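My structure is below; once you've seen it, I'll send some questions.
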Amino acid sequence: MRLAATIRSVVHRFESLREVLAKSNAPKSGDNLAGIAARSAVERVAARAVLSNVTLETLRQNPVVPYEIDELTRLFEHSLDEHAFKAIAHLTVGQFREWLLEDQTDGLKIRSISAGLTPEMAAAVAKLMSNMDLMVVASKCQVVVRANTTLGLPGRLSSRVQPNHPTDDIEGILLSTREGLAYGCGDAVIGVNPATDTAESTAEILTAIDGVLKRNAVPTQHCVLSHVTVQMRALQLGCPMDLMFQSLSGTELGNKAFGISVALLDEAWALMKERGSARGPNCMYFETGQGSALSSAAHHGVDQVTLEARCYGFARRYQPFLVNTVVGFIGPEYLEDGPQITRAGLEDHFMGKLLGLPMGCDACFTYHARMDQDELESLKVLLSAAGCSYLMSLPVGDDIMLNYQSTSYHDIPSIRRLLAKRPTPEFDAWIVERDIWDYERDRPGRAFGNAAAILP
Amino acid sequence: MSRTRQLIDRLRDELGASAPMPPAPPLPRVPEPPARVFPRRHEGSPYAREAARHTTALLGIGHVGTRYATDVVLQFQAELAVAHEAVATELPADWATQNGLIGLRSRVRDHREYLLRPDLGRRLEPESLARWTQAGQHGVDVQPILADGLSAVACMQSGLTLLDSFTQACRARGLTVGVPVAARYARVWLEDEIGAAVSAKVAAILLGERPGLGTGDGLSAYLVYDPRIGKTDGDRNMMSNIHPRGTRPEIAGVRLAVLARAMLDQQRSGVELDLSGLRTELGDVASRAHRAPQVRVRLVEVAG
Amino acid sequence: MILQALPPRILSVRRLPNADPALLLAYGADPQRHRSLGLVTVDQDDPTYVALDEATKHADVDVVFAKSFYAGARHGSGPLSGEILGVLAASTPDEIDEGLRAFVRCLESDACFYAADDAGKTAVFPHVIAALGRYLSALAGLSPGDALAYLVAPPMEATIGLDMALKAAGVRAVRIFPPPTETNFAAAWLTGPLESCEAAALAYCEAVVRVAANPKGEVWGS
């Protein structure tokens, strides 16, 4: 394979498809840290030109992490839908981009070929797209899933209530949960990141949240984001658990650093299908984020966008209810500033939707990244306009345990009103019944923001 | 295509540019202003008071439309500004010597590189390494390292107090303590090279932690047994949130010395270190990655 | 948007393969030469005259009858009346069919009124015929193959437009129809080289647009 392109009579040559993919990436500090980024803007375009001319079939034949050393590569290869693949195999990445953008290509058509895409294909086409391209195509893709509620219907924007507490104080967690519900947040999940990673504490938090949801008849699901093995033990203690959580990485080595494997998640999923408390068929919740593989030196010289897509390839095996890219959490050494975090959020949402996942995004920044509230608010609107399934929500967007900035309880109703979106149908009926939102006048209802009205 | 239709299409394009706009719809009638516009009344919410007993999350803050009240916005912006300022502040090059410490520097050259290249922040620049190998005391039990980390503000505010209490508590437990150093542009793993250069048995880096909202002055401490390049996070024990409103530096120093003593006794650190017998002495440190709750302080007061 | 085409609607098309000689005579046909008739009604009269003429270029048909109805399509006597009845005559039904096909093509893709204002209330017909057929050339006193600018608009617009058209290009007026016509419009036929006819039609059309946008002119305007 000859991988070269000429720009103003300078020939740019590339050694491997992996290098082409890496150098095609929009600028990311994480790719610089890994030493694989394009050296100049012109070289970046040259790499994109080469990539635009590569067929999807070639991408399948050249996985970025070798088949022999990585179980995820083997998983992608063996679970690919050959019929769907045949429909698009002959397209170049450039042609694939245009096919996705065409008016005749609607969400159903994209869904029909989705199972024939490897993660590398989704990543490759994302690299040829502008932010607006990513939004336009992602907004076509509808991924509808069901647990206790139905997530991802058109015109909907859901949210996770994230009532974290630095010492897992149950009272503190419940107070924050009730406040979130009073603002119409939490229809995707009430999800707590625990400070203590034990089965007992996971079970205790789940049981307490379950009680509040039942007493107030809130149609949603709950989850405690401890390690999957801890949640499995908690299930065996007999606690309610609507969704089971795990962080994913895009390589076998990266997942090893997270203490997981395909076999372990298969086991967890089987247990959850048997013991989970949600009614619908989708019961898993995954989080990802660009840069996680590099941070555990498990990136195999692959860029962070392609590795992120591989997380989604892994996630779709388990028909999850939620997948969430925690886009700015990892720090400036991977995503330096506002433009990089914005780009990554839109890329991740696009790739996940293209691969058939119910994508949400934790649009966020840490205090050592160069980003501020205004820029973050813009990203939330962009994601919602692109049809993002759900965002996070916290008091003032401030996570008092993990120390970073995300979406606030006030942001969710603001965005919904701006973009004429609603929560899941089941939760929507609940906020109307509770007079949290008044759709007749499209304004907050009398109980909006009144956490005291939600029973403890 | 019809010739006449082509001609008219072209004429439309020409006229389109100069065609007068259709008249604007009439403006709606603006009502008379009310006699007086009243400000919102802010009432302290009982829910906020109840919440304050259990969490530092800003609860019961009410809303204006779907947005925040003005005082919430200002408090929040002040907290963010404090955090950003803590990140942006650099440890002065002569701060170490002025405080009687040996000044070392990582391979990082400036603040932006510090944020973007953690790999460089984990290694000493050659001149520092040579000077430290000369000046350091070799073979000690504990080598303390004060460092900027992600908050030079925290390092300058509480660093010396923590260093003193830690050093004294170590000596009180019969441990030999190396010459104290202060490292600039340092990441946690820099303790490996600094400790290894003088063959210390335990390296302890005390450094500014990543600021949270309104809390730019927290220190963290990471201890590792048998420091050398190649140690990972699983080999370390840590304690965070060391500042006057969290775990006070005087108390933290004692707990860290207990931890160092345990490492020397068991000749290991990290996940393998057994701390089950030391829970009362260690407090927070006994459970890995535990954070003490922080107290939220009101940052903005306007002179009235 | 101004100058949107206002496509004519063909309301009825019928054929009499073997018409009664009395009917042929009454509608101006010659029973010696003509046996079959083709009849059409349309909701716009002037495009229909042009399309009937177009038919004479494509088939051996004669336009024996074509008359506009009083006050236009909106006051028709029935749902099929429209604004005009046109009658083609020929010796065989096949010739009639060929002629009707050319007639329909012309109405669908060529001759039509345009809206001179955004609201679509002012209609203008600034049509250029590159080569006349036998029907209109005879009415205009010209030869088949001559060019003709066929210009129609409401009275005020038409009058201002005609002045602009005549001054814009090397054309001469072959017939001027001052208001009111049967449909209460005003019209004019101008001839000259094809380019001049086109320039005249454009000048006419532009003038109609300007008058429609500013009815009281610069002196009395606003």
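Read from first to last, the chains carry the letters A, B and C; within each, the first residue is number 1.
One rule holds in what follows: a residue touches a chain if its C-beta (ideal position, glycine included) is under 8 Å from a C-beta of that chain, and two chains touch if they have at least 3 such contacts.
Note that the structure is a prediction, hence the values are computed from the model and not measured.
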>> Need the most distant chain from chain B, centre defined as the mean of C-alpha atoms.
In response: C
> Hey, which pair has more contacts between C-betas, A-B or B-C?
Replying inline: A-B
>> Between chain A and chain C, what distance separates the C-alpha centroids? Give it in angstrom.
In response: 65
> From the C-alpha centre of chain A to that of chain B, how far is it in Å?
Replying inline: 26
>> Centroid from C-alpha atoms only, then distance chain B to chain C, rounded to Å. What do you get?
In response: 83
>> Could you pull out the residues of chain C that touch at least 2 other chains?
In response: none
> Considering the complex alone, what residue numbers of chain C touch chain B?
Replying inline: 1-3, 5, 109-112, 114, 118, 126-128, 130, 198, 201-202, 205-206, 209, 213-214
> Which residues of chain B touch chain A in their complex?
Replying inline: 45-47, 50-51, 53-63, 65-68, 72, 76-77, 79-80, 83-84, 86-87, 115-119, 150, 210-213, 287, 289-294
>> Which stretch or stretches of chain A touch chain B in the complex?
In response: 29, 32-33, 163, 165-167, 169, 171-173, 175-176, 179, 183, 195-196, 331-333, 336, 366-368, 372-373, 394-396, 398, 400-401, 403, 405, 410, 413-414, 417, 443-444, 448-449, 451-452
> In their shared complex, at which residues does chain B touch chain C?
Replying inline: 1-5, 7-9, 11-12, 15-16, 19-20, 22
